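Take a look at the structures listed below.
Note that subunit A is present in both complexes that follow, paired respectively with subunit B and with subunit C.
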Partner chain A sequence: MESFTFSSKEKKYSFILMGIGLLLMLFGIFTNLENPTRIATAFMYNNVFFLMIALTAMFFIAAHTVGWGGWYILLRRISEGMANYIYVGAILTIIILALGMQSIYHWAQPGAAAHDPLDLLAGKEPYLNVSFFWIRTIVYLALWCGFTWLLRKNSLQNDLNPSIALYEKSKVYAAGFLFVFAISSSTASWDYTMSVQPHWYSTLWGWYNFISAFVTSCAFLSLFIMYLKEQGYLKEVTDEHLHDVGKFMFAFSIAWAYLFFSQFMLIWYANIPEETGYFKLRAEYYPLTMYITFALNFIAPFFILITRKAKRTYGVMRVLACAIIIGHWMDFYQMMMPAALKENHMAPASIGALEIGIGLLLGGIFIYVVFHSLSKAALKAEGHPFFKESVLHHT
Partner chain B sequence: MQYSSPIREPLITGSKSYHDITEDIASCTEGRPSLSWLILVSISGVIAFIGICCILWTIWMGIGTWGLNKTIGWAWDITNFVWWIGIGHAGTLISAILLLFRQKWRTGVNRAAEAMTIFAVMCAAIFPGIHMGRIWLAFFIFPYPNSRGILWVNFNSPLLWDVFAISTYFTVSLLFWYSGLVPDIATIRDRSKGLRRKIYSTLSFGWTGTAKQWQRFESLSLILAGLATPLVLSVHSIVSFDFATSVIPGWHTTIFPPYFVAGAIFSGFAMVLTLMLIARKVMNLEDYITIGHIESMNKVIILTGSIVGVAYTTEFFVAWYSGNVYEQYAFVNRAFGPYWWAYWSMMTCNVISPQLFWFRKLRRSIVFTFVMSIIINIGMWFERFVIIVTSLHRDYIPSSWNMYSPTWIEVGIFVGTMGIFMTLFLLFSRTLPVIAIAEVKSILKSSGDQYIAKFAEMEQKKDQYGVGGDLAGVEKRDAK
Partner chain C sequence: MEHKYLVGFFEDEEPLVKATVKMRKAGYQMKEVFTPFPVHGLDEAMGLQETRLHTAGFVIGACGTLTAIGGMSFISAMDWPIIVGGKPFFSAPSWVPITFELTVLFASIGMVVIYYLRNRLSIFREVEILDPRTTDDRFAMVFDRKQYHTDEDAEKMTSLLKSYGAIEVRPVSLKNELHNNLFKQHDDLDYLEEKYLHHH
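Coming up: the complex of A and B.
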C-alpha cells in the first residue's frame, strides 16, 4: 500500500509560502489601517475563494460517486485532501465575519436600511439581517463539514475493510451532499459575494460562483497530480488521467465564459440602470482586472488546452493551471472588492500586497492541509470497487 | 483490453454475440410491418393530416384564426416552438456530451434520441414559420444581399440569432445522426436483396468497413461531438435570449440561458423515455435497453429537474429580493393570479414529482417511469406557457390587461405536430436501425453480461495475480 510522506522539505516550503504571505499581509494591513473595508474584504474574498475550491473538490467526489465514475478513484485522495480544507475555511469564515462583517457588508451596519437613499434595504431586511445571516452561515458550515467528515470517514473505512455496503453508503452521503450543495452554493453566493452590493441582484450569480470555483478546483487537482507524479508517487496515474482532468479544465473554462457572457450580455442588452451598475463600476475603475480575468479564464485555456497534446504535457498543463487559478482568484476579487469599497465610500483600489499576501497565506495553508491529509491515509483508495477501472483507464 | 468492474450492471443482457446483435436490431427493419405498427402509423397519420389542414387554414386565413390579441402577441405558437426545440436537446446531449463523458449506456438510446431530435426540430420550425403570416416571404429572414433597402434583417434581434442557431443545430444534428448511421445502413444492405439492396447501398455511401474507413469515421464523430457540444448549450440559450433580452418582468433574468438548457434536456430525456419504453417492448429490445439504461436516464432527469427547480426558486427569491415592484408582482401573479393553475401544474410536474426518482425502486420501475415521462412533458409545456403568457397578460397599463385562450385551430396545429412527429418516428423505426448496431457492439466486451460475469470470476482470483495480470490470464484461457 503506497503512502505519502509529508517531507520536511515540503513542510518548509509551505511554511515559507505562508511566511511570505504573512509578511506581505502585515505590510498591507499597516499601509491600509485607515481602510478596514479593504482589509476585511481582502480576507473574506480570499477565504471564500479557497473555501469554494474545497467545496467544489467535494462536489467532484460526490458527483463522480453518484454518477458511478470509475476513472478518478486514483485521484480521489487528492480531492479528499482538498475537501479537508473546508474545516479551516469554516473557522476562518466565522473569525472574519465576527471581526469584519460590518466593514464588508454595508447592509449589516446599524441604521443602513433607515438611511438607504434608494429605500430598498428595508424591504430586504427579512433576509439581509445580521442574525439570519449568522444562522445561515452556521447551517452551511455545519452541513458542509458534516458531509465532508462522513464521506472521508467512509473512504478511510473502506481502505481497511473494503465492502460493497460501504460503497453503497458513500452514494447516499454523496447524494445528500449534492442536494445540500445545490441549494447552499447558490444561497451562500448571494450571502457572501452578492450582498456586498446589496442593491444589485442577478439570478445567475450562484451558478457563476460555482463554475468559477469548480474550474479552479480542477486546476489545483492537476497541479497536485503532476507534483506527486514527479515525486515518484502514483505510478498508475497516467497521461490518460491527466488528460481527463485537462478536459475538465478546458470544458469548465468554456462554461465559465458562457455564464459570464450570459450574465453580461443580458444586463448590457436590457440596459436597466439597477443592473448595469455592476458592470459599470468594474469597467470604469477596474478595466484591467476585467480584461486580464477574461484572458486568463477563457482565452488562454480555450486556445491552448484545445489540443490533445497540451492536456498531456506537464509544462503546458502547469502553466495553464496557474493561469486559471490566478484568473479566478482575480475574478473573486472583482466580485467583491470594487463593490465593498464603493458601498463603504472608499476610493477604488487595485490588487496590492494585502490581497496577494492573504492569497499566499491561505494558499500555503491550503497546500499544507492537502499534503497533511495525503500523509494521513493510503495514497490510493485501493479498496474501492472501481479501483481497478481507474488503473486500467485509457481513452 | 476492455474492463468493467463486476459490480456494474451489464448494459447488454442475454449473452449476445456480435451476430445476435445484428440479427436482433436489423430484423426490426425487415419483413412485413406488424399490425400494431400499421395501426399506430395510421392514427398518427390522421392526426398529422388534421394538423396540416389547420396549418393550411392558418396560412389561407391569416393569424386572426388564432386566439392572440394585442397584449398577448404570441402564446401557443412560441410555447410549442420552445417545447419542441427543448425536446430536441436530448439527442445531441446523449450523442455528444455523453460520448465525451464516456457513458457507455448512451449506445442503447443514442440513435433513437438523435432521430427524435431531428423530428422535434422540424416540428418546432413550423411554428415561427407560420406565425410570420406570409410564409412565402420566409426567405426574408436570411441575410442575403437584396434590393429591399431598409427592409433588412435585424442583427440586433435574438429572433434572428435563433434562425442561425437552430439551422446550425439542425444541420450538425443531421450530419451527426447520418454519419453514425452509415455503418449500420451498410449492415442492412448486406442482408438485403433487389431494390431494397440498391437503396441501402446508395444510402451507405459505399461503406465497406475497412480500417481506414473506421479510422476516419472515429475522427469525424469526435469532431462532430466537439461541434455539437457547444451547440446543445447555445441553441436553448439563444431561445432564452428571445425573452431574457427584453425588459418584461418575468422574462428579463440572467439565469435564463443555463436554466433553459437544463429544462430542455429534462424534457428531451422525458420524451426519449416515452418513446423508448414503448419501442423496447414492441420491438423486443429489452436486452439492449435494460432497466439500467432507464435508471441512468432517470438520474439525468432528477439532475436536470432539480436544476430547473433551483432556477424557479432562485427567480422567485430574487424577484422578491430585488425590491422591484413590477418583478415582484409578475411572480406573485404567476403563482396566485388568474393563471395559477398553469403555474402549479408546472411546479408539481417539473419540480415535485421528479424528486420521487430519489428512490431506486421508482427509478427502476417501468410503469412509474413511463407515467413520469408524460407528466414531465406536460410540465415542461406548462413552464413555457407560464413564462410566456403570464408575463404578458398583465401589461404595464391595466387597461391593456387581457386573457388568452387558444382557438381550436391552434390546438389542432399543436396536436398535429405530435402526429407529424410520431409518423416520422414510426417510419424511421421501420426503415433504419433504432439502436446503433456498431456502437452497441463496441461495448459488448466490456458491458455484455457474459463478460461482466467473467470479470467477477477474475476478481475472485485477485490475490493470486494482482492488477492486470489476471486479465491477461483469462484472455489466454479463453483462447484455448
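Coming up: the complex of A and C.
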C-alpha cells in the first residue's frame, strides 16, 4: 500500500505561499481601507473560485462513479483531497458573508429595493432578500459538506474492507450529489456571482460558472498528478491518464468559450440597454482583463492542447494548466469585481496586491489541504472494484 | 500475381497484444493485424506511426474557416452591402456561428473522404477478405513472406507464434497486396515489453 508523506519541505513551501499572500493581502487591505467593497469582493470572488474548484473536483468523482468510469480510480485520492477543501470554503463563505455581505451585494443594503430607480429590485425581493439568501447559503454548504463527507468516508471504508456493497452505496451518494449539485451550482452562481449586478441576468450563468470552475479543477488535478509523479509516487499513473485529464482541459476550454460567446453574441445582437450593461462596463473599464481572459482560457488551450503529444508532455501541460488557472481566476474577478464596484458607486480598479494576495493565500491553503488529505489515507484506492481497470487504462 | 503471407490466428486480445510485442522483440515485424473490434494498445504494440488524419482534419477545417470568413466578408461587406439590425457591414461576431459550422463541415467531410481514400475503401472495389473469421471472433496477425522469404524464417515464425498462444498458423495467398502501414522508424521495444508484458 503506497502512502504519501507530507514532507516538511512541502509544508514549508505552502506556508511560504500563504505568507506571501498574507503580506500582499494586508498591504492591499491597508491601501484600500476607504473601499470596503473592493476588499470584501476580493475575498468573496477568491473564495467562490476555490470553493467551486473543490466542488467540481467532487463532481469529477461523482460523475465518474455514476457513469461506471474506471480509468480515474488512480487519481481519485487527489480529487478527494481537492474536494476536502469544501469544508474550509464553507467556513470562509460564512465568515465573508457575515462581515461583508452589504459591501458586496447592493441589493442586501437596507432600503435598496425601495430606492431602486428602475424599480426592479422590489420584484426580485421574494428571492433576493437577506434572510432567504442566508437560508440558501446554509442549505448549499450543509449539502455539499455532507455529500463530500459521505463519499470520502465510503471510499476510506472501502480501503479497509473492499466490498461491492460499499461500491453500490457510493453510486447512490454520487447520484445524490449530482442531483443536488445540478441545481445548487446554478442557484449558487446566481446568488454569489450574478446577484452582484442585480438588475442584470443571464440564463446560462450557472453553466458558465460551473465550466469555468471545472476546467480549473482539471488543471489543478493535472498539476498534482505531475508533481506526485515527479516525486516518485503513483508509478501506475501513466501518460494515458494525464492525456485524459488533458482532454478534459481541452474540451472544457472550448465549452467555456462556447458559453462565453453565446452570452456575448446574443447580448451584442439584441442590443438592449439593460443587457448590454454587462459588457459595456467591462469593455469600457476592464478591456485588458477581458482580452487576457479570453486568450488564456480559449486561444492558448485550443491551439496548444489540440495535439496528442502536447497532452502527454509535462512541460506543456504544466504551462497550460497554470495559464488556465490564472485565466479563470481573472474570469471570476471580472464576473464580480467590476459590477460590485459600480453598484456601490466606487471607481473602477484593476487587479492589484489585494486580489493577488488573497488568491495566493487561499491557493496556499488549498494546496495544504490537498496534501494533508493525501497523507491521511492510502494514495491509491486499491479496494475499488475498478482499480485494475485504471491500472490497465489505455486511451 | 499472388501475394504470400503467413498468418497466425489468436482467440483472445490479451495473448494477441503480448504476442505482438514478443514477435517484434524476436525480430519479426508484422505487416498487419486484423481484429473483430478495436483493441486498446495494439497500435502502440505494433509500432504503428501516429495517424496523420487529425492533421489533415485541422488543415481542411482551417480551409473551411477561411472559406466562411472570406465568403461572408465578400458578400456582405463588398459585393452587396445591406444594413442588418444597425450593425456594421463587416460585423465579425455575427459570423462566428457560420464560420464554426463551415469549419466543422469541412473538417468532418474532408476527414471521411481522406479516410476512405487512404484505406482504399470504395463501393466500386471488390474486397478480398483474409479470413472471414476475423470479422467474428478471431484475431489474425499477418507477416509478409516477401519480407521474410526463407523457409527457415517461416518455420521459426510458425513455432514462435504457436508458443505465444496462436491457435493456428498457416500461409495465405491474396490476389491484392495488403496496403502498407506506416511504422515507427525507431521504437523502444524495452519500454513496450515493460508496459505490455510485465505490467499487465
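Note that in this section the second predicted complex is superposed on the first by the 395 of 395 C-alpha atoms of A that agree within 3 Å, B and C clash if a C-alpha of one lies under 4 Å from a C-alpha of the other, contacts with A are read in each partner's own complex, and residues count from 1 in each chain.
Definition applied: a residue touches a chain if its C-beta (ideal position, glycine included) is under 8 Å from a C-beta of that chain, and two chains touch if they have at least 3 such contacts.
The shown structure was predicted, so the numbers you read here are calculated from the model rather than taken from an experiment.
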| item | value |
| --- | --- |
| Joint occupancy of subunit A by subunit B and subunit C, clash or fit | clash |
| First (subunit B), second (subunit C), both or neither touched by A:Leu120 | first |
| First (subunit B), second (subunit C), both or neither touched by A:Leu392 | both |
| Touched partner set for A:Tyr269, first subunit B, second subunit C, both or neither | both |
| Residue contacts on subunit A - larger count, subunit B or subunit C | B |
| Contacts of A:Ile95 with subunit B and subunit C, given as first, second, both or neither | neither |
| Which superposed partner A:Tyr201 touches (first subunit B, second subunit C, both, neither) | first |
| On subunit A, the residue positions that both subunit B and subunit C contact, one per complex | 265, 269, 391-392, 395 |
| Residues on subunit B engaged by subunit A in the complex (per definition of touch) | 1, 3-5, 7-8, 100, 102, 230, 233, 237, 241, 244-247, 252-258, 299, 306-307, 310-311, 314-315, 318, 321-324, 358, 467-468, 471 |
| Residues of subunit A touching subunit C in the complex | 238, 261, 264-265, 268-269, 271, 306, 308, 391-392, 394-395 |
| Touching residues on subunit C, where the partner in the complex is subunit A | 40-41, 50, 54, 58, 85-87, 93-94, 96-97, 195, 199-200 |
| Contact footprint of subunit B on subunit A as seen in their complex | 66-68, 70-71, 120, 123-124, 127, 164, 167, 175, 179, 182-183, 186, 190, 199, 201-207, 236, 247, 251, 254, 258-259, 262-263, 265-267, 269-270, 272, 274, 385-386, 388-389, 391-392, 395 |
